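Structures given as structure tokens follow.
Okay, so chain A shows up in both of these, paired with chain B first and chain C after.
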Partner chain A sequence: MITITPKRVFTVPVQAACISADVFAGKPLEEIKKLSITEGKETITLDDAFNITEDKTIETPNITLTGDFSKVKRIGQGMKTGEIIINGDAGMHTGEKLAGGKIIVNGNSGGWTGSEMKKGLIEIHGNSGDYTASPYRGTSTGMKGGVITIDGNVGTDVGCYLQGGIIRIKGSAGRYLGYHMLDGTIFVEKDCAIRAGACMTGGKIIINGTIELLMPTFTIDSIKPKVKIDATQNAQGPFYVFLGDIAERGTGKIFALKATNPAFKDYEKYL
Partner chain B sequence: MDIAIKDGKIVKKVNESNAKIIDASGLTVMAGGVDIHSHIAGSEVNLGRMIRPDDHVKDVVKKTALTRSGTGYSIPSTYVTGYRYSKMGYTTVMNPSMAAMKAKHAHEELNDIPLIDKASFTLLGDWWFALENIAKGDLEECARLIAWMIRGTRSYAIKIVNPGGLESWGFGRNVHSLDDEVPNFCLTPRDIITGMAKVNTMLNMPHTIHLHTNNLGVPGNYKTTIDTMRALESVYQGDKPIGHITHIQFSSFAGDSWAHFKSGAEEIANYLNAHNHMTVDIGQVTFADTTTMTADGPFEFALYELGGHNKWVNSDVETEASGGIIPFHFKKKNAVNAIQWSIGLELSLMIKDPWKWFMTTDHPNGGPFFHYPRVFAWLYSRKAREATLKKCNKKAQKKSLLPTLDREYTLYELAIVTRAGTAKALGLKNKGHLGVGAEADVSIYNINPETTDIAQTYKPVRKAFGNAAYTIKDGEIVVKDAEIVATPPGRTMWLDVQTKEPCRIDEEMKRKFKEYWTIEFDNYPVTDHYIKVPEKITIKASV
Partner chain C sequence: MTKIIKSVVCPICGCLCDDLEVTVENNEIIKMKNGCAVCEAKMVHGYKSEERILEPHIRKDGKLVPVSMDEAINKAAQILTDSKYPLLFGWTSSASETQHVGVELAEELGSALDNCCSVCHGPSVMATQEIGIPTATLGQIRHRADLIVYWACNPWSSHPRHVERYTAFTDGRFEKSEFKDYVQKLKAKASQKKVAATIRRTQVRYQPSRPQSATVEAPPQTLAKAGRKMIVFDVMKTMTAEVADYFVKVEPNRDYEIFGAMRCLVNDQELDVDSVGGIPVDYLKEIADVMVNAEFGAIFFGLGLTQSIGRFRNVELAIALTRDLNRKTKFVVSPMRGHFNVTGANTVFAWQTGYPFALDFSQGYPQYNPGEFTAIDLLRREDNDATLVISADPGAHFPKSALQNMMKYPLITINPDWNAISRLGDVVFPTQWCGIEQAGTAYRMDSVAISLKKVVEAPKGVPTDEEILRRILEKVRTIKAQKTTKENKEPQKEEAPKKRRLKPQEENVKAEGD
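== the complex of A and B ==
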């Protein structure tokens, strides 16, 4: 196991895509220390910014990060196997393009966490920023698979262009949840702000709390007693099921818990 | 053989004792490349950059001690455009689509593209004043107005895009044949094309009219393309070509729908082989995730409907043109895309005379310009074509004529379709060749023409075309071993067309500007200070 702690408080973003189990694998400690990263516009080595130690007796997790990493971007980018634990806050783009393995954040995580990921698991035991599990600006290839769980709240534009995989949010979600999503599942245990599912054409969004306002381009389909989250787990309803986004000829589904959404009672007359 | 260079020109000989000598023995030496059609600057290019952050993130270019940072991919930033062209040995590039209203913007961008000479073509085929005068039958006044516009926008040629269609697009309509009526003008596309070709001759323009045909990108459109070329037969005087159809690959579609889509290359090539009044460039598809951009607004709308509602830009440029931009990924496994790729190469191989067609990808529409070496390889090597065809959609493979075409381009023919022919078509007397008096734009590639069988070893040759051993611009070495070693600014060429009498700029014209344009008449023309390094070319018109 490699343990990394910051040597100082960073004032500018540090780009450290090399902090990844794949990159470290098979490299001696001295070589790891010399990997190059950037701090602002300066190119430095990992050793310049962090204290790095190795404990050969522990195999998993492969990397433990301890301290404030909220300014450190791209931790675990493109990782295929292995495990990273971050004891502290993680910065933007954590686990971007993850293709396997596991990243656990015992703190908050920045924007674009799990962006464009394909496989693997990201656990965030805190809040996560805007654009979590959403692709880079302008890109229309979203998360394709894997699981992201967030214990806290998430920001806006989470799960945009989602093509597969599961996002479980134990707190509340911001605006534009699942914008343009094509497939996959988003499960929010608390409330959700306006414009959830805007432009969605497939997949499902399950809201156990209150939806602030439903888009007018969604139409009521039915009331269901329960809904499947994944192969092993169901969410207990009853749920109002809405179909949309009609403006995009979409067949996505929003499941809103009946008990917490009395405002949707009016829709029942259209059933 | 030695090539002597002095003061930026090729001369008979120089004093060798104090000259810098480049030993190019065993290498291929050509004149600097001349690109006849590549969207490198202007409002549509910049809008394309703005809607595609996803395109830039794939291709970030770092700065060096000499060069600036920037981004690609399909729409590189200004400086990167200059660097990449120069690395391929290109020294002159034509920016083929400039809306007159946006000319100032285009020139500001051109100023920031180093290392290459450039010029722009103004979109004039749907300009109200021109249409009014063609409808009236007053071609002489039309010619004088166009001369004023060419001077006022500091441009080099007349560009016509989907004549009549852009004006119709302002009313949500389009024209679908040469004889459809343009709303409000009592005109047809046929009148515009032949009228403009006559105007072009009256003005003694160095280049012909540069034409993007009606019905571009529609299955079965090869008939419209042949009609267009036939319409111009009447204007031909028997000496030099009078029309240039650009990115003709997009206008050579046969079949009556996308499901029955096939190539119309044979018909087009047969027509061109039998007639001498036209030149064409191809607009080859290179299978890239690219960004399509054209002044043909209705075509881009059709593409938006076809391509699954991707993000797009659509515009109507007041009284002059329109525009549209959509990201588009040409895929080998897509039958239509693969047939398009095949059409481009079929045309290239079936048009016998290399002086009649030129190599372009209609950057960025068919693919970015730095994919040119790939296109070269498909031209000079049957093996390269077969390797790509094998990876294409099976249905497209069956429909392709490529397996029947044995032709392999020689380096000489390649030089014609990339520099000599283009320079001739553009009327650039001092470019595209290495004769005495030519500008000292030279490219040297690491290819030994005597010992290399380029058709068999196409991969290293393709690499060499993308990484020039030397590029010399105006006598200065700017690229050495594919590295930029100097960054002089290129010149912006423009025509000062002098008519015998000036066009009528009366109160009526100024009133129209006030009513229909958002720019005042006095602020409209591009003034000298907009162009950093101008090269004024004066021509005398016959009207």
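== the complex of A and C ==
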């Protein structure tokens, strides 16, 4: 196991895509220390910014990061195997394009966490920023697979262009949840802000709390007693099921818990 | 000696009106024709104000002291090279030639580079990248459009000649001006008022006020008329709404829902709700009919869309609505850009780097991500350790938290007058007024390039911003070359980032920034 702690408080962003189990695998400690990162505009080595130690007796997790990493971007980018634990806050683009393995953040995580990920698991035991599991600007292929679980709240635009995989949010979700999603599942245990599922064409969003306002472009389909989250777990209802986004001729589904959404009673007349 | 200069271009808003007639006497503008009130305020009075910066200043012991140009250039170059991650911000009131040098400087420094569009129409650019944009030049709209929709903007105040020159009140080749209709409407309204007043005087002494049933008036029958029509969507009745054929009052922050509903209605789909954003769906159906029946429609949108909740997503749906309308008729959509060369900043940055704003050169190549590299986000996270502001005034417009972080580190400003940000600077450069004392290229809101004219001579010793940037760039290159030779001789010791000599000037920020 490689343990990394910051040597100082960073004033400018550090881009460290090399902090990844794949990159470290098979490299001796001296070589790892010489990997290059950037601090602001300056190119430095990993050793310049971090204290790095190796404990050969422990195999997993492969990398443990301890301290404030909120200014360190792109940790575990494109990782295929291995495990990273971050004991502290993680910066933007953590686990971007993840293709396997596991990242655990014992703190908050920045924007674009798990962006465009394909496989693997990201656990965030805090809040997560805007654009979690959403792709880069102008890209229309989002997260394709894997699981992201967030214990706290998430920001806006989470799960945009989602094409597969599961996002579980134990707190509340911001605006534009599942914007333009094509497939996959988003499960929110608490409330959800406006414009959930805007422009969605497939997939499902399950909301156990209150939806602030439903888009007028959704039409009621039915009331269902329960809904499948994944192969092993169901969410207990009853749920109002809305179809949409009809402006995009989509067939995505929003499941809103009946008990917490009395405002949707008006829709029952169309059933 | 008096001379009259014709076809002068106005350097104020994105309209770039190019028909001004300026009278110059003894190197001073004394009179102008054709300009709007905003233009006259700047070109006849504003540019020669007493608040003009005439020489470079450097902050010494907390006070701004006049220095020579060489000293100021050296100091600025030293700050920028010492900084680990500077931010270059502004650009929208400079000529495109200056913006071009700015990109070169940012690349040399490995800095962040952003322009004012990140706080105005940046979301429009982002929406265009997501979905594309069916648009037209203002000339085409002037000659052909029979339906003009102003959404969340008030050109009567912000772009005073937009309606008169490009849309409803201008005679195009194929569409006549709507001005006569407007005058008739005013006359009718006046006589209606007279009749109502007479009835009130003669018959009713006291009439209790009745609560209104809806905030939105029903669409008037005049919307079915042939020829030009104008519809305004806004949260309040502005001057533009007063001159429009129909004003639709929208609930604040509900534009996105309305666009979604309109798209469904244009595509002949039914909605499960009775009203959207405070507008009854029946009214929306009528508006959708008017839009579909137009021969050539144009939607202009303003900051009400780009800076309310949803931002670029609002614009994205406005463009999606235009796209849907284009299946049935001809429709175009265009942003109402603010500063006279903000479109130029996007255009120049895009052809130089591939990206229009929110740029980062720290990796040696351009990276783009609004939200990550936009000025306010960078400053609020305290990611930068030096700032250069050119032809902009974030001091008056940025949030307090962003400004407080900006003030913790050295600040260089390049502005013609003592605005809020110049007063807070560590190195303050004077510069010429672009479009009055300096010629150059600017891009109109529809991305048409127009040449700005030089009308009067600048005060002695005041250089152009392009010249200042070129000199800073040259100096930065020299310092970097010296550093490299030094490093080759002896290994460099790591230095802690230099904090500003002054304490964060919270009083100043409070007084001038909010």
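In this section, the second predicted complex is superposed on the first by the 271 of 271 C-alpha atoms of A that agree within 3 Å, B and C clash if a C-alpha of one lies under 4 Å from a C-alpha of the other, contacts with A are read in each partner's own complex, and residues count from 1 in each chain.
Assume a residue touches a chain if its C-beta (ideal position, glycine included) is under 8 Å from a C-beta of that chain, and two chains touch if they have at least 3 such contacts.
What you are looking at is a predicted structure, and each value in this text was computed from that prediction instead of being measured.
K.L.:
Have a look at chain B and chain C on chain A after the superposition and call it: clash or fit.
P.N.:
Result for chain B and chain C: clash.
K.L.:
What is the contact status of A:A247 with respect to chain B (first) and chain C (second): first, second, both, or neither?
P.N.:
So A:A247 only meets chain C here.
K.L.:
Which touches a greater number of chain A residues, chain B or chain C?
P.N.:
C
K.L.:
One more residue to check, A:G138. First (chain B), second (chain C), both or neither?
P.N.:
both
K.L.:
By the touch definition at the top of the document, which applies to A:Y267: first (chain B), second (chain C), both, or neither?
P.N.:
Touch partner of A:Y267: chain C, not chain B.
K.L.:
For the combined three-chain arrangement, which segment of chain B clashes with chain C: 236-244, 308-316 or 380-388?
P.N.:
It is 308-316; the other listed stretches have no clashes.
K.L.:
In the superposed view, which residues of chain A touch chain B and also chain C?
P.N.:
Dual-contact residues (chain A): 136-138.
K.L.:
Once bound in the complex, which stretches of chain B touch chain A?
P.N.:
51-55, 57, 309-311
K.L.:
Can you tell me which positions in chain A touch chain C when the two form their complex?
P.N.:
Answer in residue numbers: 11-13, 15, 38-42, 48, 71, 92, 111-112, 130-131, 136-138, 175-176, 179, 194-195, 198, 213, 215-220, 245-247, 267, 270.
K.L.:
Which stretch or stretches of chain A touch chain B in the complex?
P.N.:
Counting only chain A, the residues touching chain B are 135-140, 248.
K.L.:
For the complex, which residues does chain C have touching chain A?
P.N.:
Checking each residue of chain C against chain A gives 83-85, 109-111, 126, 129-130, 256-257, 260-261, 263-264, 267, 269, 271-273, 276, 309-310, 313, 320, 361-363, 368-372, 381-385, 494, 497.
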